[in-house]
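Submitted below is the structure of interest, expressed as structure tokens.
We call the chains A, B and C, going by the order they appear; numbering starts again at 1 in every chain.
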Amino acid sequence: MAGKSLAEIVRRIEALLFAASRPVQLKELMSICRLRKRDKIISAISELKKKYNVEDSAIELVELQGDRVFLRLKKEYHELVKRYVRKPLFSRGVMKTLSFIAYYQPVEQSKVAIARGGSAYRHIKLLIEKGFVEAEKKGKTKILRTTELLADFLGVPNNPVMIRRALESRLLQQQAREHAKTTKREDATETKQNL
Amino acid sequence: MAEKTVAIWSDHRWRVLFDVARLDRLKVWEIRLVEILRTLIKELEKLGVIDLNPCGVALYSASIIHRMKSERLLKADLPSQPREKITMPPLPPIDIPIQPEVVLFTLQDVLKSLSRILYEENVKTSFVEHPQENFMLNIEEYLVKLEEKVEEFVKTLQDLFHQKKNDEIDFRELVSCVDRLEAVRRFILLLLAAARGYVEILQDEETGEIKVKWIGGKELSGDSS
Amino acid sequence: MAGKSLAEIVRRIEALLFAASRPVQLKELMSICRLRKRDKIISAISELKKKYNVEDSAIELVELQGDRVFLRLKKEYHELVKRYVRKPLFSRGVMKTLSFIAYYQPVEQSKVAIARGGSAYRHIKLLIEKGFVEAEKKGKTKILRTTELLADFLGVPNNPVMIRRALESRLLQQQAREHAKTTKREDATETKQNL
């Protein structure tokens, strides 16, 4: 595709990033554009950034470790949009299995099944399919780890310690929120009684 | 005396000692041999009789179980530890931000699944009727189109005869490599071409083969360039 | 949200359209923007159109019948992108149900279920959700039709007769091609054997 214009390269990259809904490797972008050199891809990405990374956009184009780019919804719109998107990606059960793996990784599949029950196997299959977990065979069982994709979503480097810390801090935030709610409710009751 | 001890043979507490045939299927680490033997001896003492037959069987089973335990120990087959319990802090479910799920398919994909339904699977479709199509035929438009098609076809025939440098070809050549519908279409156009005097259609009485002969005159050798 | 700027309304609409990956009703857009009047939404949509409906874009914003808008990948990039997207299609079963409805429409839901089995109901739900099929109540059953969106995907006018004819003629062409291929292959084998 040496003859293809920069505009066409930009469009192809945009097409792949839009449809993939995941971080895409530079290699894949080179393949879809039939280009052997990175420089044209890099300049096409800068062009796309001009379109998306402006203040007036709900979508952003981010570059991630490991030569990957990701077209995603800006964080501040997640909560807002969630109510209108009919099918969340994972059920609550699957998300709990994911957080278990993330917290205890690297962890044997059999241990996940003991802790999370029989349906854990189905959850794990789905999580692998969607690219959030990867499995490595070891004897009779499998060792599970979360992937870079999850680290990206949590906004931390892909390293078990950092991921655990991120989860712990989320847990603390959640507890604080719940505590605040209870206190507020108690205060309200007290005020009522005092009236 | 034997009747008194029958109850002992069949009591589930000591079954493991009297069901000799099952010995090799036992999970030996789960048998509390000393406890079982003690209760058995107490029971026998209560009866106040000594029946050597069940005592012998029990002794034999006990010794086998004991031996099995010793052998397993040598093989380092230690009794399994109770499963390690994983104490889990109340982790929040990880909420994955929304990812769009773009559905992609093309006409080709629709055709593939349609041909599977129509030709490969025995799908019950006889009850599904196509709604009446609003079929408004415009005769004039139809005739104009037909004339155009005949003209096109005659031109193709002319080129074909010219290429072959022969004024007769086999009808089969005209319909090789096309589906049934296209073959029918070509046959009808051929009849129309014959009616307009461009070709003659001849059938060999013996073989039944159909030959098409160009009789369009000058056009064949003439001006196809 | 009367105080919210047009820019924020545009961003919210973009966020929802991006995340939903389906045609979204104007009503939903009004709700996410907390607006009661359509005019602001309409002008926000025009703003978004300026961003997407340009030549240099692989994504387009289309308005569909029934007050719906859809942010989608341009048709010409589907084939190209399909290889790189992990789960690009509806499952085989859903595709079959879709092509069955397209071919026999307008068709009663109960008839689709007889022909395609019990899981047809799940397929239909998904197809309606994604905007490829629409249902109209008629007595106890529903009449199913494919939508403009599908006709657009297939590149034919949205009219049952035209869709069926288009499918039939393409099928015949395909069969003719396959037949020609087989004949060619057989001829080649014969020639080889005769040599």
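Heads up, the rule we're going with is that a residue touches a chain if its C-beta (ideal position, glycine included) is under 8 Å from a C-beta of that chain, and two chains touch if they have at least 3 such contacts.
What you are looking at is a predicted structure, and each value in this text was computed from that prediction instead of being measured.
Relative to subunit A, the chain whose mean Cα position lies farthest away is B. Nearest to the common centre of all protein CA atoms is the CA centroid of chain C. Our note on geometry: subunit A versus subunit C, Cα centroid distance of 27 Å, whole angstroms.
Note on chain placement: the centre of subunit A and the centre of subunit B lie 34 Å apart, centres being C-alpha means.
Under the contact definition stated at the top, the residues of subunit A that touch 2 or more other chains are 18-19, 22, 73, 81, 85, 87.
Under the contact definition stated at the top, the residues of subunit B that touch 2 or more other chains are 98-102, 104.
The residues of subunit A lying in touch with subunit B in their complex are 18-19, 21-22, 72-73, 75, 78, 81-82, 85, 87-90, 92, 95-96, 98-100, 102-104, 111, 114-115, 132, 150, 153-154, 167, 170-171, 174. Here subunit B touches subunit A in the complex through residues 83, 86, 88-102, 104, going by the rule given at the top. Residue ranges on subunit C touching subunit A, taken from their complex, read 7, 10-12, 14-16, 18-20, 24, 28, 31-32, 51, 55-59, 73-74, 77, 80-81, 84-88, 129. If you check the complex, the residues on subunit B that touch subunit C are 98-107, 109-118, 123-125, 127-128, 130-131, 133-134, 176-179, 181-182.
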